[in-house]
Structure formats: C-alpha cells, structure tokens
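What follows is a pair of complexes built around chain A, which joins chain B in one and chain C in the other.
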Partner chain A sequence: MNFRTFAAFVGPSVFMMLLFIAFPLLSVFKQSFYITQPIYETVEVETCTPGFLTQTCVTELKSQPVLDDEGEIVTRTEFVGLQSYRNVLEPERAWRAVTEGNWSTLSTIDFWKALRFTLTFTLITLPLVLGCGLGIALLINSAAGAIRGPVIFVSLLPFIITPVIGALSINWLFRGDGILTALLEWWLQRDIALFAQAWTIEILMMFYRVWHVAPFAAVVFYAGLQTVNQDSLESAVIDGATRWQRLKFIVIPHLMPLIIFVSMIHLMDAYRVFEEIIGFSSQAYVISLQWLTFDYLVPDQAGNRSISRASASAMLTMIGIVILLILPLRRTWRDHKGGH
Partner chain B sequence: MSSRALRQPLSLRLTSGVFLAIWCLVAAFPIAWIAIMSVKSPVDAYDSNALNVILGPATLAAGNGVSVLDILFGIALIWGMVRLITRVVPGQIRSYCAPGQEWVGWVIGVLVSLLVFLLAALVVLPAVLGVLNPMAGALGRDVLGLTTEHYRTVWIERGFINNFRNSLIVTAGVVTVSLTVGTLAGYGLARSGSTLAFWILLIALIFRALPHSVLVAGYLPVFINSAEWLAPILGDNAPTLYGKPFAVIAVLVAINQPFTIWMLRSFFQNIPAELDEAARVDGCNHFQAFRRVIMPVMWPGVITTGLFSFLLAYNDFLVTSLLLDAQNQTMVPAIAGMFNRETTTTDQVVAVAAAVSIIAPLFFLVMIFQRQIVSGLTAGAVKG
Partner chain C sequence: MKLKTILFAGAMSIAASGAWAACSYENEVPLKSLSAGFEAWKAVTDAMAECGNFSASLDQEFREKQPEAFAADPSLYQIGGVANETMIPLLNAGTIRPLDDLVAKYGQDLLPNQLIKVDGKTMAIAMMVNAQHLMYRNDVLAELGIDEPQTYADVLAAAAKIKDAGVMDYPIGGTFKTGWNLAQEFVNMYMGEGGTFLGEGNMPTINNEKGITALETMKAMTEFMDPEYLVSDSTYVQQQFQQGKIAMANLWASRAAAMNDEAESEVVGKVTMASAPMGSTRPSTTIWWDGIVLASNMSDEEADAAFRLVMEGLDADMVSANNDAAVWLSPAYTPGELAAGAAASAANGAGPYPASAAMGVLHSALGNGLADYLTGAKDAETTLADIEASYITAAKEAGLISN
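Entry: the complex of A and B
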C-alpha cells in the first residue's frame, strides 16, 4: 500500500483525532497559563434618598465590570504563568501540612484530597477486579455447558449498563433506609448511616467499580481459559499436582498476557474515576481528579466557569496518565522493534 | 471437560455451583431491585421489609395491581417474544436479505419486534385481560401491587421523551460517523506495516487513556465563543457550537476514534490479506478491493465495534452534560438533574423509573448481541 492510498484511508480518522484531541490538549496547555477575567473599574456612586428639606446623599466607591457599547462585559486575558497551578495545588499550605505531618489539613485542599482518593481507588480495585474476574471465569468454565450462556448474559449486565445508573442503583439500595442498609441494621442490631462519612462511601464506590468491571475481566479470562493446553493439565494431574498447583503453574502463566491487558485497561479507566462521584452524590466527602476538573468547568452561581483553573487541574491529571502509560508503551515499542 | 482425569469431585462442583449462583445474584440484584422499585408506590418502594417491596401492599391498596392471570399472560408474552427474536427473526433475516446486508435486516427486525412487543403489551394484553379477569374468579383478583404511574410521570409530564429523542440523535450520529471513519482507518492500518501506521496506533493508545474532562476543558471556551471566530468564515449566521448536538457528535466520535481503530484493525487483521491481494491481481485498486471484497465480509467486526460506539455515546455523562444546553440534553445527564432535585419520595421513585427506562434498551441489546459483545471484548485482548 503506497503512502497516498494509506493517507486516503487513514486521513479522516487522523484529522478528527488531531482536531478534537490533539488541538484541545494544546489549547488546554495554553489556557492553563492565562486567565480571562472581566475588567473591573472603581466608580464613585452617589445615592440620594429623598428627605425633608434636603436630600440625604451618600457617596461610596463601588467596583463594577466595565461594559462595552453593546452592554457586554469586557473581559481581558492575561498571562499569569503558574498562578492557576498554584491556585489548584496551594503548595505553601500543602507543604506546611506535610512538614507538620498533619494529614487532615492536607485533605482540606481539593486537589490533594482528589489525588489521594483516585490513587487509593485505582490501586485497591485493581487486585479485586483481577481476583473476582479470574474467579468468575473459573466458575463459568467449570459449569455445565447449558447454563454458561445465561450466566454470561447475567454477568454482562453490570458491565453494560450506564455507569451513572449502575452507581445510582447501588446507591438506592443503601441510601437512607434502603433495603440493604435495613438488612445490615437488622443483622448488626445498630443504626447505620452509610452516607455520613467518607470511608463507607469509598467502600461502596469500590464495590460498585469491582461489580462493574469484574464481568469484563471474567469474559476475557474465560476466553483465555478455552485455549489452555489440556495435555499439560493432564500430565500435571498424573504428576500429582493439586488443583491449586495446576492453577498456579499452568493456568495463570497461560493467562498472563490477558492479565496484563486487563490491568492496563483497568488502570486507565479507574484513574478516570468520575461517574461514581455523580451516582453516589458524594462530592461533599469524596472527590476524584476528573471530577475536580469537571467541577471547575460547571458554571458557578454567577455563571462563571473557571476555565484556567480547570486547565491547570487537567494538566496535573495528565501527569498521572503519563506515568501510568510509560510501562505499557515501552512494551509496545519493544514488540514493534522485535516484530520487524 | 473431556478427560476423566480432570473431572471435578462432586463437592467441588457443588461449591462452585453455589458460588456461581451467588455471583449471578450479586450481578443481577441491584438492577432487578430498581426495576421492582420503579413499579411500586413510594411507600412500598422504600419499605424496609423486602417482602413488602416485592408484593406491594400499599400499591395494591391504592387500586393498582395485577392478578395471577395477568402475570401468567405477561410471562407468556415475554417468553414468546424471546423465542421470536432468538429463533424466528434470524431465519427471516437470512431469507429476505442479500448476503452482506444482514445488518439492515437486523436493524429492521429488532425495531419491528420491539414495536410488536409494545403493541401487544400496552394495547392487546390489557384489552384481553380486561375481559378475562372478571370471569376467572379467584385467579382474576389482584394479588401483586404494580403501577406504571411513575413511568407516565417521567415520559409524559417531565418530558423525558425529548431527552430520549436527543439521545437517539446523538447515538445514531456517533455510531454512523465513527464507523464510517473508523472502518477506513482500521483497514488502512491493518494492511500497512509502515512505521507511520505504528506511530498512529501508539498515539491513539495514548489518546485513549486521556480523561475526557481534559478534552472538554479544551472545547468549552472555543465552543462558547465559536460565533465570534467562525464569523469571518461563515458570516453573520455563524453558529454557537455550544449546546448543539452535532458538535457533541463530532466530539464523541473523536474521543471514540482511538478505541474504534484499534478494534477494527484487529478484526481486519483476521481477514486474510490474500483476499484483497487476489482482487488486486484481478485489476482492482485498493478502494475497489475494499468495496467489493472486504466490505461483504467485514460486518461481524463492524457490528461489534458499532455496539461499543453505541454504548459510549449512550452512556456518556461528562461530555453531554457539559456541552449540551438544557434543551438538547440527553437522557443520562437529565437524570442527574432529577435525583439532585429529589425532595419527596415520589420524586425519588420517579427518578428510579427514569433510570430503569434508560437501561431497558441496554438489556435488550445484551440479549440480542451477547455473542458480538463477547467477541468484541476478547478481540482487543488477543491482539493486545
């Protein structure tokens, strides 16, 4: 295939990716160093109230946005350097909190709070997803052929439903006196409020995520289990290997590429954790990095969006993505080099 | 298991059966439960006794219920529909459609079956049962509380039908455009071993990992001010891109593109290259070879990729909630407004009904396309 044909085939797709992914990235990078604000001017306003004999007049200084000829607010964009980053990170306060070893102060700063939750969430759910996925795959694999189809159907449901709705459905089971909270209260004989402190919400969120992603892992591993070499399994039985040893020395090494694949996908997706915050309405207790950017982008009561702060927090989120991707990218690069 | 040596002892089989049952319960319970809640009166839906939620005494007391006969007929209808879709429809499609165009048949078939189902469930069944119930005696008496009033509130009073239409526009646009663009690119990438193709795939992988909020932060200022910077090109009637469905379609297509091209590439790699080489020997150029030889055999891969594009567009919350205005809102962001506003328990159950309405189409999607979804999940994995 010569270059012109290749370009004709790939062109539209590359063009879209450049226009809607690469260009916004550059523009976010630029925005994070600039800030756009309305220009304010201080004017002397004299307010008079009618009184007997003479009017009572008060003069005061008021600051108000400058309007242009059409009555629109004039805005000015200026270069502020790292100011937006400083607003997001609050390095002085954070550093003071770290040196004093005062973690509760650190977690009052939104960014660090979000970073802490995002990392904990990603790292804790990863082994759970892999473990549950492998377990479910083994269970399906050992089930009778006739029930495999329906079981896979049921297993796919949590994976396929809208994430926000999935989180909401779990939320509704526990919120207030939801049915499962009622069950827990009856079992433990005490009052339980699952949405009154951060750690219970975090556990529910992690449960939701494992529930949502484990089917994906299970289906991938199940496909992998079909290609395990039966002969080596049989020879292992003859050699006297227990079930556990067979799993550890034959099945898991065979599934290793798939385990790496699932971990990579899960790391990328869990780092972007967002829908859980919406579904559990947990912004007062728990927030994530992507939600932080989202929150800056949502207009506040005055209708302003803090674009530059959102850009700064977006760029900081990107650093994490880069770190996450270094290993898999190196692997792809080596495969490419080896393949040619 | 083929070999006797690998057969599991009974105890292990039982344990694994029990665990499998537990997993199925965990997987289905939250979804099934909100489906049950959505058809009960608020008092029943939030009852702390599970049996009351299922049987719905308060709903029954309010005069909304179904009899044993209703339930039997309902189950028969659903069973009949499932048989129809899984057994009859595929045969019909095969006999009516030219090979290579089965997907048109599938789309029409699914739409027609849905229409038949809705017609039977909402028009025919109530009429028939209205006659039968009084005659059946004890079987015809209401035993289970069930009400559709929350669905009526959501769809008619709260105008959810507009959100549904917007969702339909956005998803249809995203699936069509992203498949058209992605199929070409996937084919090009699969057949070219050049370094450029490798770099495009690598960069696409990086793009796939980007948080969507990063991208939206880039679009927002540009979209809001687009009337200004488009004015020199388009004149006075330059559109404000913010709030327009087509702008969101373009954004979602681009966000989805990395995933689409990776997936389609792996499907095209499974189509033997000898096929289009033979066509080239017979005098086709690359485009003709693609159109005449590859297009007829690529549909399984395209349908699978289309399913995942559909899911992305349909399930998206972040992009649609930030880039669409209230008028053009799709279903998923609309529900966020509903449950944030929730004040009374009635409002909450209405939000539950809206949630169930959103996931119902997905349920049918899994039922029909289970095989394609599984093959799609594994296709990416095999190639890495």
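Entry: the complex of A and C
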C-alpha cells in the first residue's frame, strides 16, 4: 500500500482520535494544574422565606459572586501546580497514618479507601473472569452441535445486560427483604442484612462483575479453541495425556495471547469500576476511584463542583491503569519481538 | 365505518386538547418550564398547560440543567421550579429576574409569605412548603400506652418499648442514605440543637458539643433501625411504613399522603403526623419551600405572559383539586390531618434550611463524611474534624474561602 492510500485510510480515524481522545485528555491534564473560581464579595443580604402564615426573614453576611457588565460571573483562573493532586491524595494525612501503622485511618481517607477497593476488585475478579470464561468456552466447545447455539446464547445473556441495570437488579434481589435475601434467611433461619457491612457488598459486586464479564472472555476463548491444532491433541491422547495435561500443555499455551488480551481489557475495565458503586449505592462503605472523580464533578445543590480535583483524580486513574498494564504489555512486546 | 369512528375519535381528542376549558384565558406566547418531577409540580404544570402553548419538563436532574439552561441568551426555559438551595446558583449568576412589578400587576391572590425576598426584591414565588416531621403509628403506640413522642429521648424510649414488646424488630425508620439524605438528617439534628454551620469568612463551625450531640442522637437511633439504614432513602422509609415494618420516622411532609394510599398502604389511617421531635432549642427539622422563578434572559412580554401563566397554574382551582398533594401556600388550601406535622413543627419554631453557596459545599461534605461515624470507623470528634477539613478543601477550590 502506498503512503497516500494508507493516509487516506487512517486519516479520519486519527482525526477522530485526536478530537475525541487526545484533546479532551490534554484539556483535563491542563485543568488539573489550574483552578478556576468565581470572585466572591461578602454582602449583607436580607432573605425572606415562607413559614406558616408569617415569613421568616434573616439578615446575614453572604458570599455573592461578582457579576460583570454583561451579567456574567467574573472568574479567575490560577496556576496551582500540584495542589489539586495534593488535595486528592492528602499525602500528609496518609503518610502520618502509614508511619503510625494505623491502617484503619488510612482507609478512611477517600483516595486511599477508593484505591484499596479498586485494586482488590480488579485483582480478585481477574483470575475469576479468566477461569470462568475458559470454563464456559470449554463447555460450549464440548457441547453437542444441536444445543451449541442455545448454550452460546444463554451464556452471552449477562454480557448483553446494561451494567447499571444489572447491578440494580442484583441490588433489588438482595436489598432489605429482597427475594434472594428472604430465601437465604429462610434457609439459614437467621436475619441477614447484606447491605449493612462492607465485605458482603464487595462480594456481591465482584460476583456481579464476574457474572457480567465472563461471557465476553468465553466468546474470545471459544474462538481461540477453534484453531487449536487437532493433530497435537490427537497425538497427546495417543501418548496417554490426561484431559488436564492436554489443557495445560496444549490448549492454554495456544490461547495465551488471547488470555493476555482479555486480561488487559479486564484490567482497564475493572480499574474503572463505577456502575457497581451506583447500582448498589455502596458509597457509605465502598467507593472506587472512578466514583471519586464522578463525585467531585457532580454539582451540589448550590451548583458548586470541583473540576480541578476531578481532573486530578481522572489523571491519577489513568496513571493507575498504565501501571497495571505495564506487566502484560511487556510480555506482549517480548513475544512480538521474539516472533520476528 | 371503522375508519370513520377512528377519524371521529381523533377529531374529538384534538377538539378536547384545544378547548382549554379550565383556563380563564388563552396563552399566545410559547413558554417552557423546567422543574423537579414530584406530584405537586405535575399538578401545577398540568394546570398551566390548560392555557395552551406551554410545555413542561419535569426532571429530577433539573438542578444540574437549570444553571446552564438559564444562562443561555435567550434562556432555554422561561419558567423554572426551584427550592431553597437550588435557587442559589441562579441567583448568584443573575439569571433570574425580580418579580415585583409582575406581582403588583397579577399577584393579587398571592399571600405575603409566598414572596421569596432577597435584599428587598421578590425573586421567587413559593407555592408549597415541605419539612421532615415525626410520623408514628398511633395504633402501636396506643396499645403500649406510649404518649406522642416530643423529643428524641421520647422517640428512643418508645422504640425500646416497642422492640421489647416484640411488636417490631426495627421500630424506627430514617432517611439515612449516604449523601444528601444523611447530611440532611444531621442538618435537622444540629438545627434542633441550635447550632450554626458557618462562621466568618465561610469557615465551618460544626465541630462542637452540639455537633457531637447531633451525631450521638443519630447513632442511638440506628440501634433501632434496619441495619441497612445507610441505603435507605425517602421512598424506602415510606415503603417500610406502608408495609407496617416501622412505627416511627422523621419523614417528609410530601410523603404523608402515601400513608393513606389504599392501593399501596397497609396502615391507612394508622399514621399520625406530629411535630418533628424537639432538640435542645427547636424542632429537629428544617423548612423547605418549592417555588417558581422567571429567567432574566427573555423579553418583558414573555416574562409578562409567563408570570400570568404561573398565577393561573397556582390558582385556587388547582389547589383545591390537589389539596393533599402538598402543603400548599394558598388561601384556597385547607390544611388537613396530613399537614398537621409540618404545621406543628413550624409552630414549635422550626427554621428554614440555611441555604447558601457555602452550605451546598458543606452539605456534600457532610453527606460523604458522616457514614464513617455511624459505621464506627471514626469517633464523633474526628468525624466532624475530617468533615470540616474536606469542606475547607472544597470551599477553597470553589473560591468561597480565601487562601
């Protein structure tokens, strides 16, 4: 392919990537070093609100933003360096907690609390997703041709469900006296409150994520299984290899590139865990890094939002993903080089 | 024949929608509104729609959309529905207009306390008030010989009695969902103790004896609440009541009608509305109002038409037709038993929610920080100190505290 054709092919996609990925990323990066705030003046204001029959009037000092001639709020943008990162990470408090060996204090600081859960969630669900995915793929592969279609369809269902809706339905099944909690209570003959402590919520979240993502892994692995060299498998059978040995020495090495691919996708997705927090309304016990960014960004009732801290938190999440991906990427890189 | 019937039916429905029977005039100016989506707003906007040329957006996310929509020129909505706190961003940005001349022209039927005044200028027209107040099961309390609880000590004693008698496992309900709801519970308690939230230069002033008392009362209540209280919002508490699972809760007046909804409730007529329990100085609740504002960025003719339409929406017909949907501020409103709780709280001296830009930040910080105390991760003092610290960080970023 000559360069001109190549450029014509990739040009639009490069343009789109710049427009929708690179520029927003740069803008977030820049915003994390700046703070934009309205200029407030303190004025004495009398405010009257309704009581019953009479009005309640209070006169107090209030901060009001200064408006310019066109009626726009006057704002000031200031370079603050790493201040927003410091506000998110709270390094002094965190360091004090670490030096005192006080882990429970560390786990009450938002960022570290979120990081702890995000990492636990990512690293525990990863092997489970790979394991379940491979299991489902082998199951489909060995299913008789007649029922293979329906089996694939059923195993794909969880993946089709919108994440927030799926999380909400698990929430409703287990919340309060939801059907499944009622069933558990009847079975165990004791009162169960699954949403009253962190660990039960975390288990439900991980269970939900594995249930939701395993079909994706399964489909990818199933595709890979179709290209396993049948001759090697047959000779292994002749050599007396057990089912387990065939899986370990032939199938898994063959699937390795796919396993790494699925791991990478899952690491990226799971590190951005968010739907589960919203769906399970678990903020009291468990928060994630992505939720923290969201929380900074949501305006409160009076319309304030913390854009700078949200940007810093988003950048930190990205850095976290990059660090997590270094291991699998290095492996792929080595394999790639070795292949030539 | 069939086609004819369908055409006829279609013609009839067009005729019906064009008839504006209940409206006293025909609105010529196209108008739009954006407000919250609960029952009272539906009643008001439906009444406004009868005059024609009007479309309403009832949206629970209105507070995120309103500031931007009203800042556009011309404003995307002429009419907005706000409450104490949600008016602040519009007011601060100068995107809502003073209504005094329009009140003089069309507002003869308004009560004086409907006019929300800021610095002497009428900026909003309140249509209803809402407050959290005590609701209790009169049958359960009467059976055990318990008088109407006046304070939180009474509520806790009553709860202990109900639990000991084996009537209910968790006699108290509460809107303790982490975030806005939980923060609001603290605001109620702290107001009841007579505390102030913010001092000079918007510095927080909640880490004190009163704050600790408020927290301790909240924790004492959770002993008698379903252990999943940190996910329980107003709707959940309402359902707990309706299903007969709880005997007492400090719940919103706007939820009172649901207790007597025969289709949903098993406790029709068994729930009494009473004043919010007293703190040391005043009832542990805050009074909220919901009302209407008009955008600055529209022509005076549009504002004139919009205000006239609003008056039509809030008129006596609408109020008497929807009497129990809210605690209306209107001469036509007859306060029934359902409004007794809100009225008694106000009579006992409940204060308005102390809305301000800084209070919005503090409310969020409270919402995120209080759960650590209730789950036992921190003691009361540390919790309040940490909330103050996170408030200061956020308020500095918002420019409300000078560095």
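A few points about this structure:
Methods note: the second predicted complex is superposed on the first by the 287 of 340 C-alpha atoms of A that agree within 3 Å, B and C clash if a C-alpha of one lies under 4 Å from a C-alpha of the other, contacts with A are read in each partner's own complex, and residues count from 1 in each chain.
By our rule, a contact is a pair of C-beta atoms (placed from the backbone, for glycine too) under 8 Å apart; a residue touches a chain by one contact, two chains touch by 3 or more.
In this text the structure is predicted, and so the values were computed from the model without any measurement.
Between chain B and chain C, it is B that contacts the larger number of residues in chain A.
In the superposition on chain A, contact of A:Q189 is made with neither chain B nor chain C. Of the two partner chains placed around the shared chain by superposition, chain B is the only one that A:T5 touches, whereas chain C remains out of contact. Once the two complexes are overlaid on the shared chain, A:T99 sits clear of chain B and of chain C alike. When the shared chain is aligned, chain B and chain C each come close enough to touch A:S281.
In the superposition on chain A, A:L67 makes contact with chain C only, while chain B stays out of contact range. Under the contact criterion defined above, the residues of chain A that touch both chain B in one complex and chain C in the other are 176, 281, 298. Residues 35, 37-40, 45-58, 61-65, 67, 71, 73, 76, 84, 87, 104, 107-108, 110, 175-176, 191, 193-196, 281-285, 295, 298-304, 306, 308-309 of chain A touch chain C in their complex. Every residue of chain C that touches chain A in the complex is listed here, in rising order: 63-64, 67, 84-86, 88-89, 92-95, 112-120, 126, 129, 169, 177-180, 182, 200, 202, 226-231, 236, 287, 289, 296, 329, 342-343, 346-347, 351-352, 355-361, 363-364, 368, 371-372, 374-375, 377-378, 386, 390, 393-394, 397-400. Only residues 1-3, 5-6, 8, 12-13, 16-17, 19-20, 23-24, 26-28, 30-31, 33-34, 37, 46, 48-50, 53, 181-182, 184-185, 187-189, 191-194, 196-198, 200, 202-222, 250-251, 253-255, 257-258, 261, 285-287, 311, 314-315, 317-318, 322, 332, 335-336, 339-340, 348, 352, 355, 358-359, 362-363, 365-367, 370, 373-374, 377-378, 380-382, 384 of chain B touch chain A when the two sit together in their complex. Contacts from chain A toward chain B in the complex involve residues 1, 3, 5-6, 8-10, 12-14, 16-17, 19-28, 31, 36, 135-136, 138-140, 142-143, 149, 151-158, 160-166, 168-170, 172-173, 176-179, 182-183, 211, 215-216, 219-220, 223-224, 230, 233-234, 237-238, 243, 257-258, 261-262, 268, 271-272, 274-275, 278, 281, 289-291, 293-294, 296-298, 305, 307, 310-311, 314-315, 317-318, 321, 324-325, 328-329, 332-333, 335-336, 340.
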